[in-house]
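Take a look at the structures listed below.
Both of the next two complexes hold chain A, though its partner changes from chain B to chain C.
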Partner chain A sequence: MRITEHPLLSFQRKRVIHFTFNGGPLEAYEGETIAAALHAAGIKVLSRSITYSRPRGFFCAIGKCASCMMNVNGVPNVKTCVTLVEEGMVVESQHKGVLKPFTGPKKSHISHMKTQVAVIGAGPAGLNAAVTAHAYGASVLVIDENPHAGGQLVKQTHKFFGSSRERAGTRGTEIAKILYREAESFVMLQAAVVGHYNDRGHRLVLVKDGTLAELEAEKVIVATGASENMLLFENNDLPGVYGAGAVQTLMNVYGIVPGNSVLMVGAGNVGLIVSYQLLQAGVKVVGVVEALPRIGGYHVHAAKVRRCGVPIYTSTSILKALGEEYVTGAVTVSLDKDWNHIPGTERKFDVDTICLAVGLSPSIEFFCQAGCRIAHIPELGGNTPVHSPAMETTVKGMYAAGDAAGIGEANTAMMEGKIAALSCVKALGLSTLETEKESKESYEELRLLRSGSFGERARQGKERVFAIMEELHE
Partner chain B sequence: MTEMVCRCEDITKEDILKAIDQGYTTLDEIKHVLRCGMGPCQGRTCIPLITRVVARETGKSAAEVSRPTTRPPLQPLSLSLFAGDEE
Partner chain C sequence: MREKAEAVIIGGGVTGCGTAYSLAKKGLTDVVVLERGGLCTGASGRCGGGIRQQFTTEANIALAMESVRLFEQLSEELDTDIEYEQGGYLIIAYEDDVDQFRKNVRLQNSLGLHSRFITPAEAQEIVPLLNTDPIAGATFCQTDGHANPFRVVHGYARKAQEMGVEINKFTNVTDIVAVDGHIQAVRTDKGTVKTDTVVNAAGAHSRDIAAMVGVDLPNKPYRHEILVTEPLEHVLDPMVISFKTGIYFSQQKHGSIIGGIGDPEEPSSYNLSGSLRFLKRMARTMVELVPAFGHLNVLRQWAGLYDVTPDAQPILGWTEGVDRFCQANGYSGHGFMVAPKVTELVAELIVDGKPSMPIDDLTLSRFEGEITGEAYVVG
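After this line comes the complex of A and B, so read on.
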């Protein structure tokens, strides 16, 4: 399942690591997550579900969906998609929620930390925010639960569109490296924020290396990104049904193909780009289905996929996944103008992977828990934290940036991160003569990034969010 | 036929429809009777799906279906972090 030849990427595999899965020996490469290493060995079923004992594999591969949890070195419920494999690890499936007796590490003292600006999420928005605030002399700490910084940039092998300064023409993978190099000294990886308490300013509770820590922050920038949307269809929980982002992570970060043949669901930009990336990795794409009567993504992406002989079926939906333990096929059906299935139009595809590219929802759990006002804005992916143009939410001193503040793309995420950081800088009294100028330029840049016809939806969504914020202030 | 809404707690679309039939029509009520959203992913997958089903069944828009309450911890934690012996 490992990619050896790729037109764009080269995978410099590190040291070989030995570990066991359900008692059997397996090999992996250093730097791979447990879930990626198992997938490379052809293992898709990681555990079994709690009531019906249905097979469970990962869906999101970025630590959000929790379908990849296994028993690792005797510790149950470990998210294997964000845990790196180590020499001698003992990895076991969990069955029907039965937990083995477990004596965990002894409770340790809770450590206390302080920072001026806490940034949750080390993706494009979070890293750019951190670098900006740091440049003005603020103390900054970025927390991310993944083993790699860069968020979803680390898998975006295509060159960026966009106006100018936020690195148009550069591949996302490169942007991630550049940003991380600047921010590395204040990024804490494999650490999760599990709660927010606002007695005495902002207090965050973190978990790192199995111990709790308390972080006192004057300002919090929440850049937690997004979760991939799931769809309802028969057998939608079978291993082999993956989010498009998970497929990209497997292929572009770890150099592992998701399977041999794929049905793509969704013909927006993500579905089209990932289809092309699958073809680049040597995977067969049997077709792209799209429920809408038209292709949602850029024409240039659709044309590329079609030139490679991949049909795009519009007004078509996925009806069911076939298979007992993992996907062995898919059935699609045509839709009429009222979204009803048209009987007799079922089409069966022999595939081992169904890739869902049906949109993203902002990851708003942290905002919700902290008491931020949430509004349902379909243009921004659904429930979104209400915020001002300066990116401040309805909770004072808490800012939103990137996909967590409404689904956009990486360029606008970086710009929002910068704006949020500049707002913090001003509120902390760290402004210099440059701040106002930089701030004005950032607003203008963001306006330009959203000025095209493809930025229209996001622009309208943001206008609605700002209007709600203004109403609340009146 | 299994259309899974909540992979963590094994809750299907059928379970949600039954709950709605019994009169549980808010996400908090559905969470309280079925546990969906209370598993390790804390509703990251199922909340948008349940919102859609509830909206369709009750004739509301998605915006009118309110989110369930979110409480810490936002990630699964080991109980020993709180209840273990101090070193």
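After this line comes the complex of A and C, so read on.
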């Protein structure tokens, strides 16, 4: 399942690592997550569900859905998609978590840290926010549970559109590296923020290497990104039904293909780009189905996919996944103008992977916990934290940036991160003569990024959010 | 919404829905339940689901024992699996608890409850993961246990509706109209229901409801926090609790550990937010008792309100000064476990005019004299 040749990417595989899965020996490469290594070894069923004993594989591959949990070295419920495989690791499937005897201290110890600006999430929004705040002399700490910084950028091999002076024409993978290089000294990876508390300012609780730490912050920028949407269809929980982002991660970060043949669901930009990336990695794409009567993504992306001989079926949806333990096929159906299934139009595809590219929802858990006002804004992906143009939410000192503040794309995320950081800088009294100017430029840049017809939906969504914020202030 | 009803119940928690069910079962189906949120969104939907009979006052022991008898058949009666498990309550005894606990067991035994005082070694047989170093013993009663409050409340509600009770959700009671001590109607943000009988089952908000007819309840709201962990294999039969630390926890049917801890420094308030202080105290205390839980991840924490009376016993029955105004509140943190019997008694009072078990010790008027309280308050 490992990619050996790729037109754009080269995978320098590091040291070979030995571990066991359900007692049997397996090999992996250093830097791979457990889930990726197992997938490379052809293992799709990681565990079984608690109540109905259904097979479980990974779905999101970025630590957001808990579908990939296994027992690792005797610790139950470890998210294997964000846990790096280590020499000698004992990995086991689980039905229910099993406890091993606890050897740790009987009294829990919680360490204490302090920072001016805490940034949750090391994607484009979070990293750019951190770099900006740091440049003004603020103490900054970025926390991300993934083993790699860069968020969704690390898997975006396509060149960026948009007007951004610095980044247009650069591949996402490169942008991630540049940003991380600037921020590396204040980024903490493989650490999960598990709670936000408003007692006496902002307090975050994080888990790192199995221990808890408390982080006291004057300002918090939540740049937690988004999680992929699921679709309702029969057998949608079978291993082999993967989010488009997960497929990208697997291919472009780890150099592992998701399967041999794929049905793509969703013809927005993500569905089209990932289809093309699958083709580049040598995977067969049997077709792209889209429930809307038209293709949602950019014309250039659709044309590229079509040129490779991949049909795009509009007004078509997925009806069910076939297979017992993992996907062995898919059945699609045509839809009439009222979205009803048209009987007799079912079509069966022999595929081992169904890739869902049906949109994203902002990851808003921390906003909810902090008591931020949330509004349902369909243009921004659903439930969104209400915020000002300066990116401050309704809870003082808590800012939102990137997909967590409403689904957009990487360029707008970077700009929002910058604006949020500049707002923190001002509130912390660290402004210089430059700050106002930089602020103005960032607002202008963001406006330009959203000015095209493809930015229109997001623009309308943001306007609604700002209007709610203003109303609350009155 | 019905324009009039023979009885109006305020509150859609276990007390409100249970009373609706009990009334309907006795043939009184012209009943309206008013709930300002969804069903089971008050303390009932936030509680630990613990069901214990090991109390220290005769009234509480009797109510709890009768309730257990009813819980044992409730799944069948409500046609729904209430996830009732009788794994017992293991009450941890520290050195200076021992004498009092032995006395309590004697009282409980005299009322027919099979509780017993056990050694640390016996406690470890019941909970193999228990760290017995800090403990001096425990009391244990096998027929104590826990159930799923959501299933109980929705089970009661559905059966009551099937028999003809009307349940109105998202309906906020704004006023009770009374003339010369006689109730005329209940006003809500969705309209008015005429009635002469009102059951005040509004949990921690009961005091506000009573104030609508000029009755002063001594109840005070206190935040109590609670958490749920990720699910794991079955490792814990009983509910483990300690009155000294205020902790309680049990394992649910689906594998999660649910538990909370009281906080002596918590002021009276309607605050429902989750605190870091709770999380730390809970983790520390739980891991000290069951070190293996140090591996567990917490999935969620939340808070609910205890509706606390001066003697930590519920307020039940008619109210002096306002005719046919029935109190069913003030459970002080153990209202779920006594709900089956309490709601039956309330229904008997309303329909037959006399409950089958005396509740004179639990009426509001008891606070006029001297009071002796329940010593066992937690989960």
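Operating definition for what follows: the second predicted complex is superposed on the first by the 460 of 474 C-alpha atoms of A that agree within 3 Å, B and C clash if a C-alpha of one lies under 4 Å from a C-alpha of the other, contacts with A are read in each partner's own complex, and residues count from 1 in each chain.
Just so we're on the same page, contacts are C-beta pairs under 8 Å (C-beta built on N, C-alpha and C of every residue); 3 or more make two chains touch, one makes a residue touch a chain.
Computed from a predicted model, the values in this text were never measured in an experiment.
Once chain A of one complex is fitted onto chain A of the other, the partner contacts of A:214 are limited to chain C, with no touch recorded for chain B. When the two complexes are superposed, the chain touching more residues of chain A, out of chain B and chain C, is B. In the superposed model, A:369 makes contact with both chain B and chain C. By the document's definition of touching, neither partner reaches A:430: not chain B, not chain C.
Once the two complexes are overlaid on the shared chain, A:198 sits against chain C while remaining clear of chain B. In the superposed model, A:64 makes contact with chain B only, not with chain C.
Within the superposed three-chain model, A:145 lies in touch with chain B and out of touch with chain C [touch as defined at top].
Common to the chain B and chain C interfaces on chain A are residues 50-51, 75, 77, 104, 106-108, 194-195, 205, 212, 369. Residue ranges of chain B in contact with chain A, taken from their complex: 1-5, 7-10, 13, 39-46, 48-49, 51-53, 61-63, 67, 69-87. Chain A contributes residues 49-52, 54, 56, 59, 64-67, 69, 75, 77, 104-109, 145, 192-196, 205, 207, 210-212, 227, 229-230, 232-237, 361, 363, 365-366, 368-369, 374-376, 378, 382-383 to its touches with chain B in the complex. Interface residues of chain C, counted against chain A in their complex, comprise 129, 131, 230-235, 254-255, 273-277, 279-280, 283-284, 287-288, 291-298, 301. Listed in rising order, the residues of chain A touching chain C in the complex are 50-51, 75-77, 96-102, 104, 106-108, 110, 194-195, 197-199, 203, 205, 212, 214, 369, 371.
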